[in-house]
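In what follows, structures are represented as C-alpha cells.
Presented sequentially are two complexes of chain A, the first with chain B as partner and the second with chain C.
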Partner chain A sequence: MPSIDPIDHIDPITRDLWQVIAATDELPVGQIQRTTLLDVPLAMTRDSAGLPVVWRRSDEEAGDDVDPENILDRLPVTTGYGFVWTSLGTPSAALFPIPEYAEADRKNMSCGSIGIHVSAPRAVENFLDMGHFPYVHTDILGAEPHTEVKEYDVEVSEERDEVLATRCRFMQPRAAKSATHAMEVEYVYRVPHPFCSVLYKSCPEDENRRDVIAIFLQPVSEDRCRAHLLQSMIDSTSTITDLRRFQQTIFGQDKPILENQYPKRLPLDPRAETPIRADKSAIAYRRWLSQKGITYGVIPMAS
Partner chain B sequence: MTITLHDFELSGNCYKLRLLMSILQLRYDIVPVDFFPGREHKSDAFLRLNPFGQLPVLQDGDLTLSDSGAILAYLARRYDASGQWFPDDPAVTAEVLRWHAVADDITATASAARLALGFDYPFDLEKTQAGAHRIFRIIDEHLWFGEKSGRDWLASPAHPTTADIACFPYVMLSEEGGISRQDYPALRRWTDRVRRIPGFIVMSGIFPAGPALPAA
Partner chain C sequence: MTLSLSDPAWYPIASSDDLPFRHVYQGQLLGRELAVWRADDGNVNVWENRCLHRGVRLSIGINEGAELKCQYHGWRYANRSAGCTYIPAHPADAPARRIQNKIYPVAEAFGLVWSAAQDSDNIERPFAPFPGAESGQWFPLRPMPVNAAPEDVLAGLATLAPDDRPADSLPGLALRLGDVVYFVQPVDAGRAVIRGLLPSTPADATQALRHYNEMLSKLRDRLERAAAKKPAPEPLAPAFDKVSADLATMPDIAIPRGNTIPVVVKRKWTSADGVIGFELAAREGHLPTFQPGAHIDVHLPNGLIRQYSITNGPGELMSYIIGVKQESASKGGSKVLVETVRQGDMLAISEPRNNFPLRRDATRTVLIAGGIGITPLLSMARFLDKSSLPYELHYFTRACEQVAFRGDLEALHGTVLIHTGLPRAEIGTTISTALGAWSQAQHVYVCGPSAMLESVRTTAAAQGWPDEAIHFEYFKNDKPIDDSSAFDVELARSAMTLHVPAGKTILEVMRDAGLTVPSSCEQGACGTCLTTVIEGEVDHQDVYLNDSEKAANTCMMTCVSRAKSARLVLDI
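So, the complex of A and B:
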C-alpha cells in the first residue's frame, strides 16, 4: 500500500531544515498547543524547565494537560530569537546567526504569529520587495512621488549560503516608530533560510546602528503559512506595545496583497512572471531556491 | 474634555470608532492595547475598564464606555451637530439599532473566521464562514432593492448612519476569513460608497476606493 504520510511529499532540503512553529513565551507549560508544519499535524508544550517539547500529534486537543515526561517520541527542538524551531528531518547543528539579537540594549520582541493564505516563499518575496512601499504602506514606508526603486546590489554568499541585498535605499515618511521626520533609509536584506528573511534598516535613533526586523515563515501547507515576526530595535522611548503596533500595522497592510497573489505557490521558472528592477532580489531568491532543490511551496522549473 | 480610545490597530471594532471620529473631526488620544499576541484585553488593568474583556473602550472625561455599537451611538448623539449619524426619529433609531445587532452577528461570523485563520483562534471555520455568507446574502438583497428604490445606505435616511459604520469593517475584512464578496455586487457597491464618505480613513487591510465615475 502506498504511504500517505505527508512527510513523504516534502523535499529533503525542506524536511531537514529548522522550521519555526511558535513564540517561546506564548507556549504554555504543561498544556498542549497544536499547529501544522508542512502538512504534518504537531503538538507542542513546554516542560517545567520552560523547554519546548514538540511531537507529531494524533488526537491531542489544544488546552489538554500533558506531562512532557511522558512524551518519548519527540521531534528535534531548538530555540532562537524568541521562537521555537523544530524539524521533520535531521537538521543542521545550528540555526542561522543574527548576532545583533544578543546586544544588551536592544528591545527584542515577537510581534505575533499571523496566518496567511499564501505559500511561505511568496511571503519572503514580498518582504524583499520595496516597490510596493508607497502604494501599500502609504505615508509610512513610502509616499508618492518617491516611488523609484534605486539601483541596489544582490549576491548569493557562498560562504554563508544566503541571499544578500545591499545598498537598498528608499525615501520613507515614517521609517520606524522612533522616526520623527521623513528620511532616506538604507536597507540590507538577508535570506539566510529558504523561508526566513532578516532586514537591517537605518535606525532613526542611532545613525551608526541598524534596527533588525525579521520574518520567519512557518510553511503550514503548500499554499498557507504563518508569519512569525521579530523586531530587535534600538528605541529608548517606545514601549513593546507601541513597537508591536507599528509592525502589525505594516503587516496588516501587506496581508490582503499577499493573499491576492496568484498562483499561491511561488513560480521558479524565470519566464513565469515578468520582473522589473525592483525584483532583482526576488530573481536571486527564486534562483537560489531552485538551485537548492526546494519544491515545497513553489512551482519548480519544468525539467 | 479629552477622548481616549483604548485601541488595537487590527481590530475592526476599534476601527469603527476611529472612522466615525475621523468623519466627525474629533480629536482623541490612543492608548494601544496589545490584544495580540499579548492578550492585554484579559489583563487585570483592562478588566477594570471593561469586565467583559473586550475592545474597544472609550473614555470621555469621567465616562468609561465599552461596546463599539454603544459607543458609536454615544459619539453621534454627543458630537454630531447634524443629527444625521444616529437620528432622533424613533423608527429610524430602531432601524439603526437593528443594524448594530447585525454588525454584532457579522463580528460573530466573518470576524471569527478571520481570527481563526489569521490569529489561530479555535473557532469552527466552516460554520463561521457559512454564517457570514448567510448574512452577506441578506444584506446584498437589502441593498439591491435599496438601489432600485433610491436608497444608498443600510437604514432608510438619504445619508449614511452609524448602521453603515458598524457593519462596514468586518464586511471589508471578510477575505481574511476566507469569505469572498464576489457574489454580492450590491454589497460591494455599498462598500465603495462608504469609502467615499468625506473624512473616511483606512485601517490595515482596508484600502481606499477610487473616485466614483461621474454620473451619466
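So, the complex of A and C:
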C-alpha cells in the first residue's frame, strides 16, 4: 500500500492556521522534543538564541542532542502568549490578538499542557459552556442549587472573524484563587481561532478589570488533543504555583467528562444533539466551523 | 454467521447482580454501548449510553432511584420512558419539547438481564426463553469476557463437549453442554462475553463457580491466542439516531397538541370525604414522561374535557393517579367521572402538559395546598423527596375526613403539615408563618381555591416575596375578558375571511359561518381550541398558554383571545 501523507487529510483552512505545540519555556535548547500535530509527527527544539525550531520528524528520539543549524527543512514558527506555534501550511502573518497579555502588572503563566482523548472542538465547546459548572466544578465554579444559565448575547464578529459571547453571568462559590465568597461572575468568551478560546471574567481583586484565561488546543489527531492553558491574572497575593494548581484542578475535573463524550469528533449536524438556550455560544461556534469549511476533528454536515 | 447491527435476537447483556441499588452499569451489545440501571421500583432500564444533550455517557451518571442524572449538566431522565424531566440550566422552564433518549427492550430472567437491538416502542420479536428453560431453577455463572469473534467463541464452547455427547445447538449464539446452557453475548465484532446457566443452585456454589471459571478461563486463553493470529475484525459501527427536527432548532417553542392516549381505569376509590381517586393505566407499556406539576386532559364519556393534575412521583409511568373532587354543583365534568365511570372502563387522556413547572434549584421550597389542590403538590413533594431537596408542604382542609392521599403523604420524608378545620383568620396567619420572610432562591407553589390563592399571593407579596418566586396554576379563567376589539380573521385552509365584531369571539364567528371547530371550556383554560397563527399579532386572554408561548405568537385560543392587529391569519 502506498504511504499517504497525513497532510493530505487536513482541510486547507486548518492546515494554514497557526497551531500551538508547546510552552516556549519548557522547550529545551539544543535537545529534541517530539509531538504530533494533525497526525503529523514533529520534532522541535530551541536554538542558542532561544528561538524555537520545528520540523517534520522521522526517527528522531526525545532527548537527542541536535544542532538546530543543521535543520534545513523547517516549518514556519512564531511565538505568542508564552507558547510556540507552527503551521503545516501557509499561515497568516500574525496570531490573533490578546492585548491584555502585554499589560505590565499581570501575572502571565502557562498552566501546563494536558492530553485529552477527545477532539479539539469538543474541548473548545466545553470551555464555552457554563451549564456544567455546578456539576463538574462543584463548589468551585458553581454549586447546586445555582444552576441557571441566564440569557446572554452571542455574535459572530464579521470584522474580527471570531465568535463573541457577552453578558454571560453565573453564580460561583469560588470563582478564582483570590475569591473568598460566592459571587455572580460575568464572563466574556471569544473564539478567535477554531481551536482556541479566550475567556474574560470579573476579577475579584479589581472590579474594573478582568482576569484572562485562554485555552489553546493542539489537535493531535481527529479525536485527540492537547490543551495548553494560559492565565493572565490580576492577583497580588497568590503565587504562580497556586494559580497554576487552581487551573489544573479545574481542568482535571473536565478531562474525564470530555473523555466520556461520544462521538469524540464534534458533530456539526444540528440534529446530532439537543441544544438548549444555554448552548447559544456552542451553536454559533458549530455554525462558524461549518461555514469556514473546517472538517478536521468534526463530523461535517452531510451535504 | 456474521454479526449484523440489526440482529433483533435477544441476548443476555448483564447479570442481575450487576445492578445493585442505585448503580449504573455499562453494557454493550452488537457494538452499541448501553447504560443499564435498576430503578427503586425494580424496573430495569436499558438505554443508549449517551445523553442527548452533548453525548456524554449516561453510565457515568447518577442513579437517583427514579431518574438518571447526567454528570455533565444534571439533565434528568425518567425511569421507563427515558424522557427528560428537568434541565437545570433553565430551572423555571418545563422541558417543553419531547426530549427522549433511545431505549432498548429489556427482560430479566434466570439471573440475567436480556436485551435486543430492536425499537422498544415497536418490538418485532418479543422475549422468549430458550428451549427447555422451564425445566430448571437456573443459577448464573460468572460472566467470562473474551476478546474474540462471538461466532468463534461459540465454536470454542462446542469443543468442550465430550466426543460421545456433542453440544446441542440452541437458537441464537447459544448451546447446551450436558445440562449447562451457555450464551454468547455479541459485544462487538471481535469481543464477546460467555454467560452460562447451571440447571440448579449447586450445593457448594463457590466451589462450582470456581470450577466453571477455571474451565472458561482456559477456553478464553485458547480463543484469544487464536484470535491474535487472525486480522482483527472491523468493529461494528452503529449510527446514532438523529434527534427530531424540532429539537434541533433551538429557540422555537412548540406547543404539543398531541394525540389522545387510551387508558383503563385500573382502580377507583374514595381517597377522602369528597375526593375520588382514579388510577389510569396504559393499555400496554408505559405512559408518556411527565414533569412535576403537569396535568392531563381527560376526555369524558359525555364529550366534555377536564384537566386533572398528576400526583405521581418521578419515573412512575405505568399509570397516572389523579384525584377528582366530588362536587354537588359540578358542571357535569367531575360528576360524570365520579358517578358513571367505573373500574375497567376505557377513557382517553391527552399527553401530560405542564403549566406549573417545579424549579429544583431552590434552597427552600414551600408547597401550599387547599383541598383538591393537593394533587400537583403531592407530585412535586415526591420529586423533591427523591432528590433529597428540602421542602415544607402545608395542606389545608376543612375537616380531618377530607384529607386525601393520606397514606402517600405519610410516606414522604420532608416536612408535611396538615391543617384541618382552621377558621379563616387562622388560615391567614398560618400561611404567613409558613411563608416567612423571603430570601434568595426560595420558591412557593400554591394550588387550591381562588380565595386561598389570592391570600397566598398577597401575603407573600407583603412579606417581600417577588412575583417570580410565587408559582400557581389556573384551572379556571377568572380574568375579565376584553372583547371590545374588532378585526378580520383569514382562515388560510378554509379560504375564508370573516369579520369579528366587538362582543363576539372568533370561535362564535367561525361557527356562525358554518365551520365545525372543537372547543370545551370556552374560557381559555382547557386548550381544546388551540389554533396555529400564521400572521398577525394576538391579544392573548387565556390562562392556558404560558408567557413564553404567548410571546412566541404562534398559536392562540380562539374562544377568548383576539387580535391586536387589524387582521389575523389562522391555520384553519
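Observations
The definition used in the following text is that the second predicted complex is superposed on the first by the 300 of 303 C-alpha atoms of A that agree within 3 Å, B and C clash if a C-alpha of one lies under 4 Å from a C-alpha of the other, contacts with A are read in each partner's own complex, and residues count from 1 in each chain.
Throughout what follows, contacts are C-beta pairs under 8 Å (C-beta built on N, C-alpha and C of every residue); 3 or more make two chains touch, one makes a residue touch a chain.
Everything numeric here is computed off the predicted structure, so don't read it as measured data.
When the two complexes are overlaid on their common chain A, residue A:241 makes contact with chain B while staying clear of chain C. Using the contact criterion defined above for the overlaid structures, shared-chain residue A:114 touches chain B, although it does not reach chain C.
By the touch criterion defined above, A:89 reaches neither chain B nor chain C. When the two structures are aligned on the shared chain, A:6 is found in touch with neither chain B nor chain C.
Of the two partner chains placed by the overlay, only chain B lies in contact with A:249; chain C stays clear of it. Once the two complexes are laid over each other on the shared chain, residue contacts for A:62 go to chain B alone; chain C is not touched.
Contacts of A:30 after superposition on the shared chain: neither chain B nor chain C is touched.
Residue overlap on chain A between the chain B contacts of one complex and the chain C contacts of the other covers 256, 260. If you check the complex, the residues on chain C that touch chain A are 33, 49-50, 52-57, 60, 71-74, 87-92, 99, 240, 242-245, 247-251, 360-363, 389, 441.
Chain A makes touch with chain B in their complex at residues 23, 26, 62, 110-117, 226, 239-242, 244-245, 248-253, 255-256, 259-260. Partner chain A is touched in their complex by these residues of chain B: 8-10, 32-34, 36-38, 40, 117-120, 122, 175-176, 178, 203-205, 207. Of all residues in chain A, only 125, 130-132, 134-136, 144-149, 256-257, 260-263, 267, 269-280, 283 touch chain C in the complex they form.
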